[in-house]
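In structure tokens below, several structures.
You will see two complexes here that share subunit A, one where it goes with subunit B and one where it goes with subunit C.
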Partner chain A sequence: MRSPLSPEMATQEVPLNETLAHLKTESETLKLKLEEERAKLHDVELHQVAEKVEGLGQFVMKTRRTLKGHGNKVLCMDWCKDKRRIVSSSQDGKVIVWDAFTTNKEHAVTMPCTWVMACAYAPSGCAVACGGLDNKCSVYPLSLDKNENLAAKKKSVAMHTNYLSACSFTNSDMQILTSSGDGTCALWDVESGQLLQSFHGHAADVLCLDLAPSETGNTFVSGGCDKKANVWDMRSGQCIQSFETHESDINSVRYYPSGDAFASGSDDATCRLYDLRADREVAIYSKESIIFGVSSVDFSLSGRLLFGGYNDYTINVWDVLKGTRVSILFGHENRVSTLRVSPDGTAFCTGSWDHTLRVWILMC
Partner chain B sequence: MTIRTVRPDRGQHFHPRMHCLKKLEATVVEMQDPKTGVKGSEQKLNVTTIPHVIAGNDIIAWITNKMKVTQEEAGVFGTMLVAYGYVYPLQNHKKLVMCNDGSLYRFQVPRSVFKTDESFLAHYNHLNEWLNHQWDFIVMQATEQYKAGKDRQKPDRVVLDCQERAYWIVNRPPVSLLSPALTDSNIFYQQAIMRSKVKSSVSLGALVKFITTYKNHDPFLAPCLPSNPWQTDHDAYWTLNMRRVEVPTKMRVERWSFSLFELLTDLRGRDDFKIFLKKEFSGENLAFWEAAEELKWGASSSMSAKAETIFKTFLAPGAPRWINIDGRTMGLTVKGLDHPHRYVLEAAQTHVFMLMKKDTFFRYLKSPTYKDIQKKALNPEAHNFSPAQLEQNAQNRNPGIDPIILWQQDEEEKAKAAAASAPVDVKAMMSKIDRKK
Partner chain C sequence: MSNNSASNSSLALAQKAVKQLRLEASVRRIKVSQASAELKNFCLQNANKDPLLMGVPSSDNPFRPPKSCVLL
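This part shows the complex of A and B:
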């Protein structure tokens, strides 16, 4: 492997532009070799494997709850592990914790900034994290006393040099993973606010991230405006896999429940599935009639269905194996900005620029 | 009229959302074709006669036919045309939707301020459009940053300053004229080539297998028993599957058999596994794994204290819960504990996990403990509510228990369990006995 030449060597022996050309050709050769290696393993397509699988029937999915209370565009939401509570954030700076089952608002916080683009529920159910144009991610411990002012106990954890686009707790309340418009992701210790690890590699804003659900739990995937989806090792900060097949910004990434694949949604109006073990894209979910970007994607519990929230106000439901669309859902009156399936898979929730959140289920 | 579709994520460079707009514009052009487009006519609106007016239902019919979609989808597409300003309504100006009736619309006229120089015009339009998209965001971001700057406390400013310095130290422009980016990406490609990959048939086969295994557990593919709380407004499904139920459901117990990861992730399953391990006198592996997880995901401040406890309990020669791992891993781990970091136990933890996964887990599934819980497990009958009962349910939705209270209960249980299984300090016991004498 060539090591970078020191300046003296460069001026001494080999003319600079020749060395640069050398590196470039090496880069091209390596790229081709990687493609060759990938192609060797490419012995079957997903739809071929899917031929033996039973098709899906008709789906009737309906909205079972509409949560009204935000005064402006809903930008992000997350489920609590109790499968019924959610936290949502909006453009007007409000962060609300709801019991979606009863539709009661349980807590509300007003952030000192507008455009709260990211929010997350802590695994214990005792705190929420949020941030946006303030370039920070802050943690608010929740209280049983409904009159308590949550802003008083606020903890400032992450600090970026541009807006916060996404945040997620790891397996405990003690660490938070963030992504930012400054092109980086970072892992933080909540108690001290210390930066534990930073992840550099995206060439533009990072818009989304998701932690791997595997037994090792040491990786996460991020997507950005550079059209790349990167898989990172949390321990070393290294990018271990990278996929660049989308034609525009990647707004959402989500792991397949087994952790061996992930889906992405992009402004190019497609969702794609990437196989991590074979190291390649294996499916594109798109239609001629769908021309508006995907803002958010998530899988059903078994991984058979992929739900996508779109900028044309609709939700498209895809058969992950067969690549076909099984359902299109209408209801929101403006773009769908966020979509998450509940922890036990009984429902999924969408947030929209129409100021509302909706909880959808399969009607039996 | 230019619609502002602000997405606050174009801080660094202009991203024309030309993808969807190009397609949209192509369709709008086709719609205006005098022969094959949407039929326009003169319409009288109040007193005025307006030429080239098109009706909502005509537009939707044209889209339905042209794009071979349902009327509903065509309606959505039509609404996008209005939302992005290609078509504007003559009545109901405030609501920018396409109505599938006789509502009247017209195609928007492309604006041009300057009638001369083509390239200048193109440039101007470009800038104008970009600025329009960006302006709201620019103003908002500037206001926020100004406010944040004013409010920033000294510690914040110091941190930011350090961050900036660190960033530039790491990312300083290369001294040599060679691009380090190229060498970095070459290293990346090399590693990518060397990384082990599997054949598609294997990995895709695994994806299909996963789906098949979990098919009946997916509420979007099979009904959940007794019923989906969101459908019937009855939360029995959740109360039957709580963390600390005495008797779990059959579906839940079946899921534990899918993988060791499932068994351990469901804390009720982990409890059952612990019962089995106790009978086998081999609980230390799981205890070590749990302790290692605590270290990995815990707060930085408690890390060295935890590392020390783990060493004393599991790894030190003669430790009360000594784990049996190979000499090499043991050596590396103990050495690493000299300067503990959160991943210092990674190798040992993986070793222990693999041991449990390949051996203990399968013995558990064949054991009387598991067979017993399988027999005892509940199989709830499907709910069959009448419409009146469903009304009742909707009025009386159970508020459940606040997660904060559940967490407090959990912490108490954990403390009790830790006290019960703490290694016996022989010395302390002896001196206690001595003092009693």
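This part shows the complex of A and C:
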């Protein structure tokens, strides 16, 4: 009979090897158990439940505004809560704030680095956050004085050890959540720059994140180059659920409006829907003819439509319940790199490597 | 000494992985049929308020001004 493992014993070689092997076996057993438990509840497919739902008719969506001004690839964009302003960031280091109604540029900042891969609007509308190859996330308060140099008031908030891939304010201007090529996500206090919580678990670059709708509580989802989508508890730093069904990098994740599910877009050319309470993938949005990666996804207000921006320059619009494509939109002249539906759901905006942003609406 | 610390860290990693898997295995789950029904109901209940699904009158859509000019 072996005595229980004590810290001193852990340093001896023979018990250590046996313990490692034992842990590996337990690991494999648990993984199998996890799959079994998930499979037990897989009694039906989402599209079967939606069989009797009325199909969606013809969808005509058109570009109503084109925002021109970036000198290079647009990498990221975000809407202001006022439903009219947009912040966008580009490979050439420029961050621009636009009035999407008039297409006027209201502010412009030149970052000290190229490839500004992440940008976000503060909930108050009074600041924007951005970062990229500088490995940081910085906050710029937006001045009412158009002549004021925004860079002067810049606040460095987050510090990672590799590129910043995404950032998002939480429900206030006071905290920012970031994801990075260093494989971690982190929560920061904007005022002090203090690290409040870090999230470890991805085995490679984290490429995207999305916060759960505020009614659902303090969680967020992240996606990475390890093909995993992880759901995190913001307070404890714990990964509470993990999904690994994609076959390549996950470039974008977005919560379903009710907070009970989330969608993902991947380099494997598919979008997928994961239900958090069933703890599994419940739909795949793909077609044999779609072979290019998805860079960004977002839902319409009711969650019935899923918009995907693709590397083949198109936007595919999916019926979330039935799993079918309802529309394909052309217009951009290079990869669609970013896509967000406006806060009131009346429009969605796309950014592209063709240097422009487009605002689209439903024509009816 | 370095052998021991490398072994200790792989042990720590393995323990962490098992702990994480135990946590994930213990998650309470519902059937896909129930989860899907709730997703479907949410869509249907909110369909009327979804401008990209149903459309809104031009006067309510800031990106689509009401038709007021005629091109000759």
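Please note the rule applied: the second predicted complex is superposed on the first by the 343 of 364 C-alpha atoms of A that agree within 3 Å, B and C clash if a C-alpha of one lies under 4 Å from a C-alpha of the other, contacts with A are read in each partner's own complex, and residues count from 1 in each chain.
In this section, a contact is a pair of C-beta atoms (placed from the backbone, for glycine too) under 8 Å apart; a residue touches a chain by one contact, two chains touch by 3 or more.
Note that the coordinates shown come from a computational prediction; the quantities given were computed from them, not determined experimentally.
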item	value
Fit or clash between subunit C and subunit B when superposed on subunit A	clash
Subunit B versus subunit C as contact partner of A:Asp43, first or second or both or neither	both
First, second, both or neither for A:Ser300, with subunit B first and subunit C second	both
Residue contacts with subunit A in the superposition, subunit B compared against subunit C	B
Which of subunit B and subunit C A:Lys31 touches, first, second, both or neither	both
Touching partner for A:Asp344 - first (subunit B), second (subunit C), both, neither	both
Touching partner for A:Ile361 - first (subunit B), second (subunit C), both, neither	both
Clash with subunit C (superposed arrangement) - responsible stretch of subunit B out of 387-395, 405-413 or 423-431	387-395
Subunit B and subunit C contact sites that coincide on subunit A, given as residue numbers	10, 16, 19-20, 23-24, 26-27, 30-31, 33-34, 37-38, 41-46, 49-50, 53, 56, 64-65, 83-84, 101, 239-242, 256-258, 260-261, 275, 277-280, 282, 300-305, 320-321, 344-347, 359, 361-364
Residue numbers on subunit C that touch subunit A, as the complex places them	4, 7-8, 10-11, 14-15, 17-18, 20-25, 27, 29-40, 42-47, 49-56, 60-64
List of subunit A residues in touch with subunit C within their complex	10-11, 13, 16, 19-20, 23-24, 26-27, 30-31, 33-34, 37-38, 41-46, 49-50, 53, 56, 61, 64-65, 83-84, 100-101, 201, 238-242, 256-258, 260-261, 275, 277-280, 282, 300-305, 320-321, 341, 344-348, 359, 361-364
Residues of subunit B defined as touching subunit A within the complex	8-13, 15, 17, 19-20, 23-24, 67-69, 72-73, 76-77, 79-80, 140-141, 144, 147-148, 151, 156, 159-160, 163-164, 167, 170, 175-180, 182-183, 185-193, 195, 197-208, 210-215, 217-221, 223-224, 227-231, 235, 237-238, 241, 260-261, 264, 293, 296-301, 342-343, 346, 350, 353, 397-400, 402-407
